[in-house]
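Order as written gives the chain letters A, B, C, D and E; numbering starts at 1 within each chain.
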Amino acid sequence: MVPITTLHYLVVAAALFVLGVVGVLTRRNVVIILMSIELILNAVNLNLVAFSRMWGNLHGQVFSIFIVVDAAAEAAVGLGILIAFFRNKETINVDEIDLLKW
Amino acid sequence: MHSAATAGDFFFLSRIWLIPLFPAFGAAMMFFFGRRLQKATVSAICVGVVVVAFLFACFTVNDYTHFAHGTGQPFEKIVYTWLGSGDGHLTFLKKDGSAAAFNADAGFLLDPLSAIWLLFVTGVGMLIHIYSVGYMAHEGGYYRFFGYLNLFMFAMLTLILANNYILMFVGWEGVGLCSYLLIGFYFHRKSASDAANKAFIVNRIGDAGFILGALTLVWYLGSFRFTDLNPLLRSGHFAIGDPVLTAAALLLFVGACGKSAQLPLYVWLPDAMEGPTPVSALIHAATMVTAGVYMVARSNAIFVLAPTAMKTVAIVGALTAIFAASIGLVQNDIKRVLAYSTVSQLGYMFLALGVGAFAAGVFHVFTHAFFKALLFLGSGSVIHAMSGEQDMKFMGDLRQRTPTTFWTMFIGMLAIAGIPGLAGFFSKDEILWQSWSSEGGAYRVLWFVGFATALMTAFYMGRLIFLTFFGKPRMSHEVEHHIHESPKSMTVPLVILAICSVAAGWLGVPPSLGGSNPFGKFLEPVFAKEAHVMQVEEPRQLAAGEKEEEHTDPMEYTLMGLSVGAAIVGLGLAWRAYAHAGKDYKEPIAQAAPPLYKVLYNKWFVDEAYDYAFTGRRKVGDVRLGVLGLGEASSWFDAKIIDGIVNDAGWVTRAVATLSTWWDKWIIDGLLVNGPAVLSRFLSYPARLFEWGLVQWYALVMTAGLVGFAVYYVWK
Amino acid sequence: MLTSTINAFTSYLGSPLPPGNAGNQLWALIYVLIIFAGVAVVVLCMNWIERKALAHFQIRLGPMRVGPHGLLQPIADALKLMLKEDIIPDEADKLVFWVAPLIGLVAAFTVYTVIPFGPSQAVSDMNIGILFMLGVSSLGVLGIVTAGWASNSHYPLIGALRSSAQMVSYEVAMGLAVVSAILMTSLNRTGTGTLSMIGIVQAQQQQGIWFLFKFFPLGLIAFVIFAIAMVAETNRSPFDLAEAESELTAGFHTEYSGLRWSLFMLAEYAAMIAVSAIAVTLWLGGWLHPFPNALNGPAWEFIFSLFPGLTFGALALFAVIGTVRMPSHSFFRIQRAGLAVFALLLAFIALLLFVIAILGRNPDASIAARFREGIDYVYWFMLKVAIFMYLFIWYRATWPRYRFDQLMKVGWKVMLPISLGVLILTAIVGVFVS
Amino acid sequence: MNPALVIPALAHPSRMAAAFIDSAPNPAAPIATPWFFYGLAAAAVISGLLVITRRNAVHSALSLIVTLLSVAGLYLMLYAPFVAGVQIIVYAGGIMVLFLFVIMLVNIERVSKERQFNRIWPVGLLASCALLALFMSAIQKGKSLFLDRMVQLPEGTNTQQIAAALYGETGKMGQYTFAFEIASLLLLVAILGAVIMTKKKI
Amino acid sequence: MTDVPMANVKDNTLPNAVSQVPSSHLDLETPEHPYLDSNELIINMGPQHPATHGVLRVILKLDGEKVLGTECVIGYLHRGVEKIAENRTYTMFNPYVDRMDYVAAVSNGLGYCQAVEKLLNVEAPPRANYIRVILTELNRIASHQLWLGTHALDIGAMTPLFYTFRDREEILKIFEKYCGARLTTHAFRIGGCQYETYAGFEKDVKNFLAFFPPKIDEYETLLTGNRIWIERTKNVGVISAEDCIALGVTGPVLRASGVKWDIRKAIPYANYSDFDFEIPIGENGDTYDRYLVRMIEMRQSLRIIEQAINGLPEGPIMAKVPKVIKPAPGEIYHSIEAPKGELGYFIVSDGSTQPYRLRVRPPSFVNLQALDLMVRGMLVADVVAVIGTLDIVLGEVDR
């Protein structure tokens, strides 16, 4: 059994990151795009925590907590925008949101 | 001019400016709260303020007599300067090139002339207010009516108390406005609103003359103020017949014609009878229509210096008198008869003014105010009794049913007809005598006119009374059933006015009848100076002077006798013709002279003539003249000539524009504007591949860029 | 392999640590099974107790037919629910409908991994214990939301939105109250607090006071806030709007039936016990018996260790009295016999507990002493939890239901400010005291 | 009662090594770690895949919850229990509930019946593959850079250490205190922004 | 015991007030807002719903939790009672009326019997009237008890339901002893009562008089001062006196709005003028006031019963009524104060043995109209509370 090293975590994080990027780049549903962004942030968090483990200090963990805070803020604001938008346009498809101003 | 300190001793006199404000307060109350007030409250307020004004006026005049000590010196109270300014900010160049300040004060002038007007305007006005309480009791717009009446009182008092032409003009216009409003009181009736419009428009013509005359005066003399003008004019610096003064006097007389319904501007007055009867009595018989007389009398100093104007006044007055009287002979509408009678009497007054007998004219105004108001109010009472019927053909035999009205009106008839002992006799006789005697008999032809008028007056007044109160009842049964005497609030003023109609004359009993003419004496200071002027310039014209009166006494008695005879003859003729009129009666004049009757009945076709000539409501053949004609012509001119030019210009413009459009579209826009745009669009095509509005594309480019950079740096 | 297994099995028994921390996965698994089974049994008992207690509040008898005094009613209920036809509405989202109760159940049961029934009587002692508890119990909202949504029907949706909004709202006040309790753990020499559940109880022991009475009345206020918030958190009366029968029929589980519905019920009761356990741990000294610092020493230990046996003895006595008072009609023969057996069972348990208490009266490392200690801990912990459970029932019998806006008002405008104030005051007072 | 057991995990960090079947000496890898790791990683990646492929947003959200919980498990394996707890309470308990709320609020049937991917999805996929390739090659290339070790962090005091980093220890400010306060400000702003945007009328 | 103020209302007079009551028609098609409102939804409450007291269906239009409008759909329990009356003789129809407001069957029977007596110009003897009053007031208490229990249950308080049912049992026992039936009693006959009081009737009633007041205190202990109860009921479902009158609402609902209108006082029937009792009125017209009014009404009913049982006269219990009831052609309207409001019977006779037309004015039916007015702008939970406070019985609404 190969012991689990930082590299393993990096691979998993890379996979999650790319999945998130795929979601962001290809989905039309804004809610799912926002979820994909959460995936990306999680991948980054995983990297940070893994590196924190590798170096034996806590900076990575602290940063990941900051990223969680950021993710919460981003989700709140993003979903707020989405609801305001949905109320006016009755759509949540990102390719129908193509004007700078309504 | 007296210092304020002297005037300050007199409580009422120093507060003269309050008099117009009482009715103004009433009008303001009605304007703001009238809709919400009870009828009783409305009457209390509106009648109350006029009563207060009348009492105040009485005390003021009392103060004034003490103030003047019989010298007749005017009392002037300038409250403030409301137009222009004392420091000469509003300056203008006079005719002689010198600069003068344009000043109009809210100033009040009380001299014998305005004192008389003040007293009878407030007095008669008060009575008519009281009368209106009864008369209007069942009408809608009660508060509106009284508001208008109060407003009228305010304007009229402003007019007569003004110390300058401009403030007078304010009052002048104010009474015109109130006249308009009150004639059109029943505005839902087309005839009433038409009559109101007519009155307003015709008055405008006169008003234009008034303001032009006033401005001419100020341009020539530098002031509006009577207390400045009169000494100036009487100083002898101006020659008699001065053309500018003549022009000014004539212009002022145009104004007087308009307001006082003289030829040719009298047409509005008969129509003004569309208004409620108290209005006819107050405005269109007693007070407002005498404003012209007042103004001419007030301007006597100017008129004296303009003999041409004086002649014009006299002739116009005489012609108006006989003209209106002739129409009055055959009219059937009771109020219309009285209206023409008013016009006729106003003509008398102007005749008096024209012949230089200002005091006589004013005296006739004074007496006329009472008996004409009496007659109008009486006719109102009759109409009230007849359930609104105004046509005398359908009246008759009312004397038992409405005894008070009958007796008071009968007195009024006697007064106007000139039966000795009553007011009309003294004033009218004075005028006739003056017209006979003044200027050494230059106007004697006018005496004949006046005499004929007196005869006619007696006849038509007799006709009115006899048709109304004697003979047999000619009304329908329902109307007859409803005939009743008017309420106290209407009859009491009638009785008071009847007493006044008798008594007023005794104020001016001429010396020839053993009187002392206190009225004339009272007024003397106002007119004294011009007599002096005349004496200096042309002693022969001293006809009005006392010395010559003594010489002509016998002639005076003859003339007096003649006029009394005319009155009696006229009444007698009327009695014979109308006293027994039954249901099937025929107009005797129509029987005797049908063409004449037709002409008279149609008022000499003056309205029609005006329609042809001035208003253009009737066409002469295919051509329309007058205002409408002018309108049509200018419309045609506008449509064909002006618009034609405009259209042609438009065509030219369009042609040019077509050309320039082409240029703009293809050369400017196409080549110079769109060209670069097309070019940049063409050139920007590759850039747009990267920027086309899909957010995810941006993210994708970011990703690609990230990969690209990373690859570059990792595998460099 | 076998020997090592046996070693692992036995080596733990003397450990002062929870098996998770001791790295003893076998014992951890055993603990998990015990807790799962125990909670399920307790929930069934709770079902019976609630019905009986509520009935007696309401002057009726409650279940009387299935077993003596309806003692077998929970079993009958469970059987019935399991055998009932499982209905999934046509328009429902099948997968989510199926998953939703599981989410709730898993969330409710996962919490038990960190509940300290005793200093070593827990699956694991995570150093983020209370954070983990709050986090995992907040996952229960997901089950409710998804259940309401998946039913594809109005009432469940409204119920789901109501209850999730309610839970999210009250979590805030609850969290702040919890934080003020955690703050109290840091009031020691090192100034270092702990999130560990066991650590919190030990901190209370060390400071010699239950946090309920610490900084009186700050601790009490925080506790009351938590006690109210936990009722709201578990959607119990008077905050049971989500399943307000008279308004929304049954709230988010309107469309559920049979086993799935019973899973929701199981989750609800499990959550009730879990939040009560949190309250007990944070404020009521967890497994500590009353006055642990004053009344310590072997004699007191022994006296307190008799309590479990006494309790069961009392229960047995009740059962005996019930048996005696049962009408002597032949109709009741079987029931009477059943109750007698039940009484015997209880008496046997009581006897067993007495025996253990006596055997392990010496505080040494012997198995019996460890056993006695463990029973003590669990007994006192469960007793405190039981008081809360009774309170839940009592509330339900007494109070009408709040309206939604009133509930939110209470949550945001009353509880939140008070809990914030308590937190701040606790911090200030703590700084001055230490 | 052992008075030494104030904070037991803190007092006995070495006990964590007491494994039960596999007594491998690697201190960083407790029992069955590889299997747990592979299981959690697989769950994370597979449910991550489901997140971006599901038609129904609720399914996506539920999949994302699984991913998040799996990642929390990975954090636990990395001896970062506090981050794991935060992950659960904030992500799974907070953000995902918010997501579910919003999905229910904007739930329109139409969306799940429409095209799910935009017009440039092949390009996007391509770019993502390039990114993946980049990552993989970078990992491959930088393998030697990563220390082949896992430093053992004291799990028992993890929370306390993070607290020290964020809040500071007694008497001195932490390294991240200021950043932490800024983050709280960010959250406040986000709350206000979300409320203002979402409310119909303020 | 809360004292409900009796001030500022004229005795037994209906203010002649008119108010603008909005149309209760619910426009389900056109949206209220021009923009898309994702919060607006329409919910069917009932006919199978625990809080609609039977088979009432209320269509609710909600904005989130706020009620934008309601529409009641009734008729699920329609049996054509009025039509049945046309095919039965006067005597035969008597039991049917018990099935309308089945929780106040005695009141229904009283109203019907008195209406027919009025048609026949017959006066029931005083003893019969006293018995009638006792039973009717007992029935009023029973009805209020049922209302209280279900109303409290709707609002979430379970326990009062069982307390009220326990005590209601005592009343039903008296009914059962008197006429053999507990619910649909058919206690009265045209012209008086069928049965003389059973031996021990007076004792039973007096026992009840002693038994019941503490029980009312018990209910009030549970609810009157309860913070949650007050919060749930104060200012909920407020209806003004004007609106009540405009809608024809009667009974405790009207009285809670401050109108002192009770037919027992206003148009006394069945010797009610002999008794001394008071009519409680409310101030705010909200649910809490209605609760208080009904609680006091129960106590007042006890007063009436006490006076009636102490003054129970001797004499016949049946007036002289022909065997075959054939009223003279004519029409009659008679109304009584049922527990829920004015219960009126309008009977047209064509001289035959069967009514030509019989029309019932049921209080529940009329009171139900006020629902829309009372719940607009309130929350869903208040709809339940308001339905409870209106105290409707669907058997009577649908007939």
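One rule holds for everything that comes next: a residue touches a chain if its C-beta (ideal position, glycine included) is under 8 Å from a C-beta of that chain, and two chains touch if they have at least 3 such contacts.
Source: prediction; values computed, not measured.
Participant: Work out which chains are contact partners of both chain A and chain B.
Facilitator: For chain A paired with chain B, the chains in contact with each are D, in label order.
Participant: What chain lies farthest away from chain A once each centre is taken as the mean of the Cα atoms?
Facilitator: B
Participant: Please indicate which chain is farthest from chain E, where distance is taken between mean Cα coordinates of the chains.
Facilitator: If we average the C-alpha coordinates per chain, B ends up farthest from chain E.
Participant: Would you identify the chain whose C-alpha centroid lies closest to the centroid of all protein C-alpha atoms displayed?
Facilitator: E
Participant: What pair of chains is linked by the most C-beta contacts?
Facilitator: Maximum number of inter-chain contact pairs occurs for A-D.
Participant: Between chain A and chain C, what is the separation of their C-alpha centroids in Å?
Facilitator: One centre to the other, that is 36 Å.
Participant: For chain B and chain D, what's the span in angstrom between their mean Cα positions?
Facilitator: 99
Participant: Give, as an integer number of Å, the spacing between the C-alpha centres of chain C and chain B.
Facilitator: A distance of 104 Å separates the two centres.
Participant: Provide the C-alpha centroid distance between chain B and chain E, rounded to the nearest whole angstrom.
Facilitator: Each chain's C-alpha centroid was found; their separation is 80 Å.
Participant: Which residues of chain C are in contact with two or more other chains?
Facilitator: Not one residue of chain C touches more than one other chain, so the list is empty.
Participant: Do you know which chain A residues sit against two or more other chains?
Facilitator: Answer for chain A, listing residues that touch two or more other chains: 21, 25-26, 86-87, 90, 94-95.
Participant: Two or more other chains touching the same residue: where does that happen in chain B?
Facilitator: 694, 696, 700, 703 - these are the residues of chain B that touch more than one other chain.
Participant: Can you tell me which positions in chain D touch chain A when the two form their complex?
Facilitator: 26, 28-29, 33-34, 37, 41, 44-45, 48-49, 51-52, 54, 57, 60-61, 64, 67-68, 71, 74-75, 77-80, 82-83, 86-87, 90-91, 94-95, 98-99, 102-103, 105-106, 108, 111, 114-121, 123-125, 127-129, 131-132, 135-136, 139, 143, 146-153, 158, 161-162, 165-166, 175-176, 179-180, 183-184, 186-187, 189-191, 193-198, 200
Participant: What residues on chain C touch chain D, complex-wise?
Facilitator: 4-5, 8, 16-17, 21-26, 93, 95-96, 99, 119, 125-128, 131-132, 134-136, 138-139, 141-142, 145-146, 149-150, 157, 161, 164, 168, 171, 188, 191-196, 198-199, 202-203, 205-206
Participant: If you look only at chain E, which of its residues touch chain C in the complex?
Facilitator: It is residues 41, 43, 49-51, 65, 152-159, 161-163, 166, 222-223, 226, 228-229, 231-232, 379-384 of chain E that touch chain C.
Participant: Would you tell me which residues of chain A are touching chain B in their complex?
Facilitator: 21, 24-26, 33, 94-95, 97-99
Participant: Quick one: in the complex, what on chain C touches chain E?
Facilitator: Touching chain E: residues 54, 57-60, 154-155, 158, 237-238, 240-241, 244-249, 396-406 of chain C.
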